[in-house]
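You will see subunit A twice below: alongside subunit B first, and alongside subunit C after that.
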Partner chain A sequence: MAHHSHPYHMVDPSPWPLTGAIAALLMTSGLAVWFHFHSTSLMLLGTILLTLTVIQWWRDIVREGTFQGHHTPPVQKGLRYGMILFITSEVLFFLGFFWAFYHSSLAPTPELGGNWPPAGITPLDPFEVPLLNTAVLLASGVTVTWAHHAIMEGKRKQAIHALALTILLGAYFTFLQAMEYNEAPFTIADGVYGCTFFVATGFHGLHVLIGSTFLAICLARQISHHFTSEHHFGFEAAAWYWHFVDVVWLFLYISIYWWGS
Partner chain B sequence: MCFQKVPVLASRAFSSSARKLKNRVPEAQKLFQEDNGLPVHLKGGTQDVLLYRITMTLTMAVLRLVYREPATLCGGFSPPPCLRRKHRDT
Partner chain C sequence: MAGRLLLRACTTTLRLRSNAVARPLHRAMATEGIPTDEEQATGLERRVLMAFKEGKDPYSILKPKYYPGTKEDPQLVPCIGGKRLVGCLCEEDNTAIVWFWVHEGGSHRCPSCGTYYKAVPHEVPH
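== the complex of A and B ==
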């Protein structure tokens, strides 16, 4: 191991950026192959390689921080900036879909019957399952904050319980949303309403899955004594991401489910 | 005989089995701070090397397959003459 007189992290050479880039190439090419030639093999292989890459890359980051002590305060500051910038990019990603929704719904064309919701579309009742989903995600925001305070106060058991509850609430949201998708009276192919609805809520659902996975890794790490009361940035990053997912849902609920009905 | 344990089992703390999970962080710190010149992605031992080899082999194999035999993954479709390599060495 190199010995240095500065607090920064000079990482070991790693193969994961290369395998990750190739995996992304194969996944996206595979998507095109699926669309044009009805074969999912390439996309599946790309996804497997991406999964192998991210598991080993993030495993290595855990080793560098928790086991090798490379995450000094200046390094942690960089990681914080990085996570904030990443979440900001995700906000902009969703902004595009909200733009598309408002573009179509503020001035509905004659083809839609000049109305929003368009003629022939039966929107979901915003005060049924969507309202329950809102309550579930808001509650999960509370439990993740509880988990954070428990970690900061060194209350190991409480932190494990609160984090587990957060993940369960996330799973409950996913289950409810899957039921809604199955029973919705409109599809993604039902004009601009169906398209904006399912693309926006669909990407949100994907982010719920990613966030839940991130929290589950944090639960495993908390159980394995990785986090200390002073140093637990991995958990903080997961909590920030989870709050972002919650806020996106609130905007979706108010814009698409409530105002849009 | 085992029924005598029921009151004990029913009254012990729910997570007492979780408490038995040993803190393995100091062991891991010793392993990953060993001065053996190994990069972090291989420092865990033979499992690391195996997983790395599987990942890299699969990556290169699929890349080679897609580049040389696009028809394999496109359901039998062959590229048009203008896109085919002129001097194939297979």
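== the complex of A and C ==
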């Protein structure tokens, strides 16, 4: 262990940034190859490489923080800034899709019949499954906060139960949304309505999957005694991300499902 | 949030230690199965935690204390190895920083504003 008089973490050399960059290159060029030459091999290879990269990179971070004690308060502060900035960038990402939706829906063109929803589109009833989905995600926001308080109060069993319940609710949302996608009377190819609907809700669904995975990792770590009652930033980051996913859904529900129907 | 609480708890502990006031822990030890930092922190994080408990800050995490900078009460400059570079902002909002070395033994004055600086040995963390 090097001796230094500062509280920061000088990380050891790592191959994962390089493999991550290669994975990103293979995935994007693989996407282009898929579009033009009908082969998914390159994209698949990129995805596998990405999966291996993130597993090993984040495994290394857990080792550095929990097992080696490199995450001093200033280091943790930096990680907090990082997560907040990342979530902010994701907010801006979704802002673009909301912009697209409002651009097309506030002034529907003659091709759509001058209406929104466009002529020929039967939108989903916002007071059926979409409302249930809203309740499910809001409930999961409550359970993840419950889990956080349980951790801070040193209550292991409650923390595990609350976290598991959060993940279950997330899975229920995903299941319900998958059913909706399957039974929807319109597709992504159905004009600008279908496009804005499925791209916005689709990216949201991807973020639900990512958030659920993050929470599942936290559950495994909590069971393995990684978190202390004072220091559990991995969990806090997952909870922040989950709340962000919930808020995006609320905007989707209000804008696209409700106002847009 | 917990990190900020920890930092605040550290500064509170330091302040209280210097006032020699007994104060109960914020939280009892692992009551129902989740360890505390006291029990489980390791490595540099643990060294920081233990040092804070003794009222010390070997890794310079907290903001430096500001002294009047007079001859009787010079600005103390913790240093390792006998000397340290000091950058003096003579007045607030100055854009030109006045740089000079400060050596152990004797006071040094900023060549621009005359503030007194004194190098003091900083405990080297192991």
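In this section, the second predicted complex is superposed on the first by the 261 of 261 C-alpha atoms of A that agree within 3 Å, B and C clash if a C-alpha of one lies under 4 Å from a C-alpha of the other, contacts with A are read in each partner's own complex, and residues count from 1 in each chain.
As a convention for this text, a contact is a pair of C-beta atoms (placed from the backbone, for glycine too) under 8 Å apart; a residue touches a chain by one contact, two chains touch by 3 or more.
Not measured: the values here are computed from a predicted model.
Student: Is this a clash or a fit when subunit B and subunit C both end up on subunit A?
Tutor: Here subunit B and subunit C can both sit on subunit A without a clash.
Student: If you stack the two complexes on chain A, which partner ends up touching A:T53: first (subunit B), second (subunit C), both, or neither?
Tutor: first
Student: For A:Q68, decide between first (touching subunit B), second (touching subunit C), both and neither.
Tutor: both
Student: After lining up the shared chain so the two structures overlap, which partner does A:S41 touch, if you call subunit B first and subunit C second: first, second, both or neither?
Tutor: It touches subunit B, and subunit C stays clear.
Student: Figure out whether A:A147 sits in contact with subunit B (first) or subunit C (second), or with both, or with neither.
Tutor: In the superposed model, A:A147 contacts neither subunit B nor subunit C.
Student: Which angle, to the nearest 10 degrees, do you get at the Cα centre of subunit A between the Cα centres of subunit B and subunit C?
Tutor: It is 80 degrees after superposition, to the nearest 10.
Student: On the A-aligned overlay, A:A162 touches which partner chain: subunit B = first, subunit C = second, or both, or neither?
Tutor: neither
Student: Contact-wise, after the overlay, does A:I22 reach subunit B, subunit C, both or neither (first, second, both, neither)?
Tutor: Once the two structures are laid over each other on A, A:I22 reaches subunit B alone.
Student: In the superposed arrangement, which partner chain does A:V33 touch: subunit B (first), subunit C (second), both, or neither?
Tutor: In the superposed model, A:V33 contacts subunit B only, not subunit C.
Student: With both complexes superposed on chain A, which partner does A:S14 reach: first (subunit B), second (subunit C), both or neither?
Tutor: Once the two structures are laid over each other on A, A:S14 reaches subunit B alone.
Student: Considering only the touch criterion stated at the top, classify A:F233 as touching first (subunit B), second (subunit C), both, or neither.
Tutor: second
Student: In whole Å, what is the nearest CA distance you get between subunit B and subunit C after the fit?
Tutor: 7
Student: Can you list the residues of subunit A that meet both subunit B and subunit C?
Tutor: Subunit A residues touching both partners: 1, 67-69, 157, 225.
Student: Which residues of subunit A touch subunit B in the complex?
Tutor: Contacts found on subunit A: 1, 11-16, 18-19, 22-23, 26, 29-30, 33, 36-39, 41-42, 45-46, 48-49, 52-53, 56, 60, 63-64, 66-69, 157, 160, 223-226.
Student: Which subunit C residues qualify as touching subunit A in the complex?
Tutor: Against subunit A, the touching part of subunit C is residues 1-7, 10, 27-28, 30-37, 39-48, 58-61, 80, 122, 124-126.
Student: Hey, which residues of subunit B end up touching subunit A in the complex?
Tutor: Listed in rising order, the residues of subunit B that touch subunit A are 15, 18, 21, 23-25, 28-29, 31-33, 35, 39-41, 43-44, 51-52, 54-56, 58-59, 62-63, 66, 73-75, 77.
Student: Given the complex with subunit C, which residues does subunit A contribute to the contact?
Tutor: 1, 3, 5-7, 9, 67-74, 76-77, 80, 151-159, 225, 227-233, 236
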